[in-house]
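First subunit A sits with subunit B, and in the next complex the same chain sits with subunit C.
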Partner chain A sequence: MTHRRWFTPWLLAGPAIVWLAVFNLWPAVNTVILSFTNAKPLGGGQFTGLENYGRLLDDEQLADALLNSIVFMLVCLPLLTVLPLLLALLVQRRIPGITFFRTAFYTPVIASAVVVALIWGWVLDDRGLVNGVLQQSGLTDSPVSFLTGRWLLLFSAIALTVWKGLGYYMVIYLSALANVPPELHEAAAVDGAGPVSRFRHVTLPGVRPTMVLISALISVSSLRVFSELYVLSHGQGGPGGRDMSVVMLIQMYSRGFNGHLGYASALSLLLFVVTLGPMLFLMRLNRKAA
Partner chain B sequence: MRRIWAALTTTAFTAAALTGCGLGSGDTKNSDSVASAAATGEVKGKVSLQTWALKPKFTDYMQGVIDGFKKKYPGVEVEWLDQPGEGYSDKVLSQAAAGTLPDVVNLPPDFALPLAKKDLLLDVAKADAKLADEYVPGGVDAYRYAGLPGTFGYPWYLNTDVNYWSSDLLTKNGLDPKKPPTTLDELIAQARVMKDRSGGQAYLMSRKPGIGDFYNAGVKIMSDDGRTFTFNTPEAAALLDKYRDAFKAGLLPNDVLTNTYAGNSKLFNAGTVAWTTAGANYITSLATDNPTLAPKVVPSPAMATPPLYVQGLSIPKGTKNPAAALALARWVTSAENQAAFAHLTSIFPSTKASADDPFFSRSDGTNAGDAKVIAFNSLAKAKLIQPVQVDDAMSTIVNQQIALAMSGDASSKQALDTAVEQCNKLLKG
Partner chain C sequence: MTTVRTKTAGAAGATEAAMTAKPRPGSRGFNTPSPGRTAVRYLLLLLVLLLVIGPFLWQLSTSLKGPAEDVYTSTPAFLPDQPTFGNYAKVADTIPVWTYALNSVIVAAVCITGNVVGCTLAGYALARLRFRGTRLVLGLFLTTLVLPGEVTIVSQYVLVRSLGLADTLAGVALPGSIAMLNVLLMRTAFAAVPAELDQAALVDGANVWQRLWHIGLPNVRGMLSVIVIFTFIGAWDDFLWPLIVLNDPQKYTLTVGLQYLNGTFSANPRLIAAGTMIAFLPIVVVFGVCQRFFFQGVEEGAVKG
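Right, the complex of A and B next:
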């Protein structure tokens, strides 16, 4: 005999609901409220209406930060969508020693982003490995300013992000590739399709949902880039702060005893809205293609 | 039904959020009553003390100080908390927000200011009439803030900057370590010699100018009421122009544009740069990082007014044991205990009674001993150069704009105007 009580489902879902309310919903609501105040970490804060949002329009650093985040996304998106797929196709083959390569490609993923960025900082600085090689080989007379140039710093961070992310997305693609029925490849081969044709007409359609998922993940993480740029620029965001990302701006305004929580919250909401854009676009694209 | 639930949830969250926003005021305890209780109350019961990064190096010393206090006041119980160096401001901030600050807290003046503004700290001068008589004026003044009556901490140990020169690098590049530059112009001239002789492989200069350099160039950093920054003057722009020209001429490494203050000493430790500035203890710590370089370092006094670095002990107004807290703060910062501390490491006591201690004015003949004496003598004219109102975000903005001017992407005046405008916005917001 089974007893059905109306509260049983609520009892089971309760812990998850409480968790979501306390750690997701509540901070989100609080951020919205704070964005309309001039709150500081030590309390206080009066309702200031749309003042913080008005300030967003005047903030030159924000314009740079948004541009950086968008450039970051536009460069990372194709690179991190396509390269890991090619890498996955490469390491998917069952040839001796391939496990070593799979592990090697995945290793950067498990390393801490801060540690990796520190190492790249040493490699790319004036007296680093890259500048040493460039100067020794006579390609340049003086060190290339990888870590201080307006665009060079941004692209150094992009290169680091791509290098570090390859292995992660490769593993996702590997599982997607494993789900593509081999019979389809065999049938296509029997019909005379070459490797390129099989890739276009069998592999790509097979991994398309994964590709969309990866694109969405990359878009969000690129727009929220922080540690790579922060560590490479020693937290300074380059000369004039022109290489700051939106998250770096949020961190700069919110930290410390005098943190401007109201303005930082307005920045957070702006970032949320900006992040929604590419997500909705990709979802729409996927639905259309389906 | 759904609508009712939705409305109720929204109302609950809004109410909770507004409460969480902390729209109320800080501690409401009366300052006079706490000061009076601190001055006249009996020293007994439990009291907590929070220090900053003293463990494990100074565990024995601090334990000795605490044991001495317990011996002097039997029946008192001291809980000692030592916080790690990293993230201390965040720790203090979370304690202050939660109302769990220990009874006695190590707070440098810039940490104490926001707490004092929120009326969270005790005016120790109210509770201790002898404060100004026993501690050096520079130390006491560090805990007095424009527009905020009171003294919000006992000055503890002091330090200042000393110039350090790598005699090897200087000699190798045709410069005399016994005649180090004493002005910016001399520094730039010697940096040029260094660059030419070393073929750009070694540098003399490796740091951006900062607020301290503007101060030393006669620039007024802030208005007297502490409400506006004013360092965007032609004098500051002229100084920045000199640095920009030096950078353009390759006298400073590229990464100086994004390096923080510590970047300069890292390059010095690595043997790439021949000049750095640091506290009196620098050679001793260098002996661990680069034992070959340490004996070859020559110290000299800072070029203009040396900066004064102050650590102090503050007492939160919400302390449950004000008498014991005050007695403990006085005890830890007493001349006797500070002198014992200064004998362990190169810091200097903030008590007037320690000024005549020959230990500080006599070198043991080593370069580390010379640095200690130079620092001690410099303290007499050292000043709190950077206003305590300058927070992390402002420092970042000033650094960014100075780097922008040095890179040549903005004029010095433009960069300074932007820095002042943004810092003023932060100050008012």
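Right, the complex of A and C next:
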């Protein structure tokens, strides 16, 4: 007996269990239920069978959104698995002032995506810093439309995602690098291996599991993009709404007179299905690590 | 969630490669790089620093430029001609930015209180008290981790609306005020406290509350700090959820208010820059003061991936 009254544990865990049931499990179940209805923000809610799912199939905006996610992932995966590793190697050695640099490199991570997108929106504006420099140096005659071009807007959002993510993955790599036994490096160095060969044969094998973990994290976060695209495009989703992400579509259908909660729920389930693979993979990695 | 133990594979490959490589000149040890190398390292560090901090400084500089100064100039000036705080006053005339800041503080405070109390109690019960159904409850907590928040956001909105909390700060704060991940983190923290301490207290006749207060809590302060900081950042930075819940521009949190400013009054970049800094600087201060907890938190996986 660790406690006298049988209900003591339930009393302690009670609030958390209520939150688990009310704000997590029930919404998950209700998402499935809603996806079979025509629920609107203002009324509605009749059962409509598979209508919403049929609509998913010929939604061109959704096709664009999924294409955007794939592009996002394809660009972010190589950049965010490699650049943060190089950055971690750069800040790994405890030289004077290194804590300052590490902290500074982490700053974009703690800033809100809205703050970061507003800052980049200004830097990439038609009359902003980057266009100013480009025109001043004679590289372009007219401003580059970073924020209004179909693909340029997407790539601007990718650029700021990479910029914002560098510090986050850097810290993960740092703890992985700390676990690579220094004796391996010393032995290799004594044997005359240069920095490049030590990187290839000691560092890389040592951080490979972390690379896999980070790839899975990036895959999930590429599918969950919202704020960056939303703020950069002033909530419009670029020319003709072609720069929407799946989450932007969910947000769009969850509000206003044109809202359609049933369809938004079907979109949510689609999002769940596409993130499930990398999510389960992540859970397995964590269980192995634990 | 993010720590991964690395394997010590690759040692063989390393020595194999070393056999064929030329020995390095010079008699310096492995851990003392040449001054030249160190200089290159600092140069690279400064270059990255410029790339990372540059945009923030550019925004800060824009926010300090007076109405007479051309912010669109093709020869960008990093230092304002005549620095002024006028834009910070003006942004408050355009949108109720201090009300928004207060709203963000209220949401963050509710979330922090809820998470500290709720997750501590539940974490302790799950780690330290034996009761029927522990495994089931634990399994359910774990299951929620594969659900990205965006997936349930629509039905969470439907729920909050049916509770009569649509367009209220309570509606923004409530769902996140006991986060499932934090319950699991607190459970892990309590489970790491030596069981002998608990047993000794039990022999001395301490009840559950006394054991939680005097033995559990003092040993999980580190994890609690991590949860407090990450909950603050999460609530302060959150955008999608308050954007969905809130209608009334008087009730916006800072992030939603900033997007509102950006969408409605996009004409003046100085004001947007000032607003951005109002949202950004408090986070920087918190970060500066507690940065060691941040890195500890990332290592212990306090961020849902």
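The rule we apply is simple: the second predicted complex is superposed on the first by the 248 of 290 C-alpha atoms of A that agree within 3 Å, B and C clash if a C-alpha of one lies under 4 Å from a C-alpha of the other, contacts with A are read in each partner's own complex, and residues count from 1 in each chain.
Criterion: a residue touches a chain if its C-beta (ideal position, glycine included) is under 8 Å from a C-beta of that chain, and two chains touch if they have at least 3 such contacts.
A quick note: this is a predicted structure, and the numbers were derived from the prediction, not measured.
*Asks:* Looking at the combined model built on subunit A, do subunit B and subunit C fit side by side or clash?
*Replies:* Superposition result for subunit B and subunit C: clash.
*Asks:* Have a look at where A:Ala13 lands relative to subunit B and subunit C in the superposition and call it first, second, both or neither.
*Replies:* Second partner only, subunit C.
*Asks:* In the superposed model, which partner reaches more residues of subunit A, subunit B or subunit C?
*Replies:* Result: the larger residue contact count on subunit A belongs to C.
*Asks:* On the A-aligned overlay, A:Asp125 touches which partner chain: subunit B = first, subunit C = second, or both, or neither?
*Replies:* both
*Asks:* Could you tell me if A:Thr140 is touching subunit B, subunit C, both of them or neither one (first, second, both, neither)?
*Replies:* Neither partner.
*Asks:* Just subunit B (first), just subunit C (second), both, or neither: which does A:Pro239 touch?
*Replies:* In the superposed model, A:Pro239 contacts subunit B only, not subunit C.
*Asks:* For A:Ser112, using the defined touch cut-off, is the partner it touches subunit B, subunit C, both, or neither? Pick first, second, both or neither.
*Replies:* A:Ser112: touches subunit C, not subunit B.
*Asks:* Which partner does A:Leu34 contact after superposing on A: first (subunit B), second (subunit C), both, neither?
*Replies:* Both partners, subunit B and subunit C.
*Asks:* With the two structures fitted on A, what stretch of subunit C runs into subunit B, 171-179, 243-251, 279-287 or 297-305?
*Replies:* 243-251
*Asks:* Of all the subunit A residues, which ones make contact with subunit B and with subunit C?
*Replies:* 25-26, 30, 34, 39, 125, 127, 234-235, 253, 255
*Asks:* Report the residues of subunit A in contact with subunit B in the complex, numbered from low to high.
*Replies:* These residues of subunit A touch subunit B: 25-26, 29-30, 33-34, 37-39, 41-46, 125-127, 142-143, 145, 147-148, 150, 153, 233-242, 252-253, 255-260, 262-263.
*Asks:* Which residues, counting only subunit A, touch subunit C once they are in their complex?
*Replies:* For this pair, the touching residues of subunit A are 2-4, 6, 8-10, 12-17, 19-20, 22-28, 30-31, 34, 39, 87, 90-91, 93, 95, 101-108, 110-115, 118-123, 125, 127, 129, 132-133, 135-136, 163, 166-168, 171-172, 175-176, 179-181, 184-194, 197-198, 200-202, 204-210, 213, 216-217, 220-221, 223-224, 226-227, 230-231, 234-235, 247, 250-251, 253-255, 261, 264-265, 268-269, 271-272, 275-276, 279-280, 282-283, 285-286, 289.
*Asks:* What residues on subunit C touch subunit A, complex-wise?
*Replies:* Those residues of subunit C that touch subunit A are 1-11, 13-19, 21-24, 30, 33, 38, 41-42, 44-45, 48-49, 51-53, 55-56, 58-59, 62, 72-76, 117-119, 121-122, 124-126, 128-131, 134, 137, 140-141, 144-148, 150-159, 174-175, 177-178, 180, 183, 198, 202, 207-208, 212, 233, 236-240, 243-244, 255, 258-259, 262-263, 266, 269, 272-273, 275-276, 279-280, 283-284, 287-288, 291, 294-295, 298-299, 301, 303, 305.
*Asks:* Would you mind writing out the residues of subunit B in touch with subunit A in their complex?
*Replies:* 13-14, 16-18, 20-26, 89-90, 92-93, 96-97, 111, 113-115, 118, 120, 200, 250, 253-255, 257-260, 263, 272, 391-393, 396-397, 399-401, 403-404, 406-407, 409-410, 415, 426, 429
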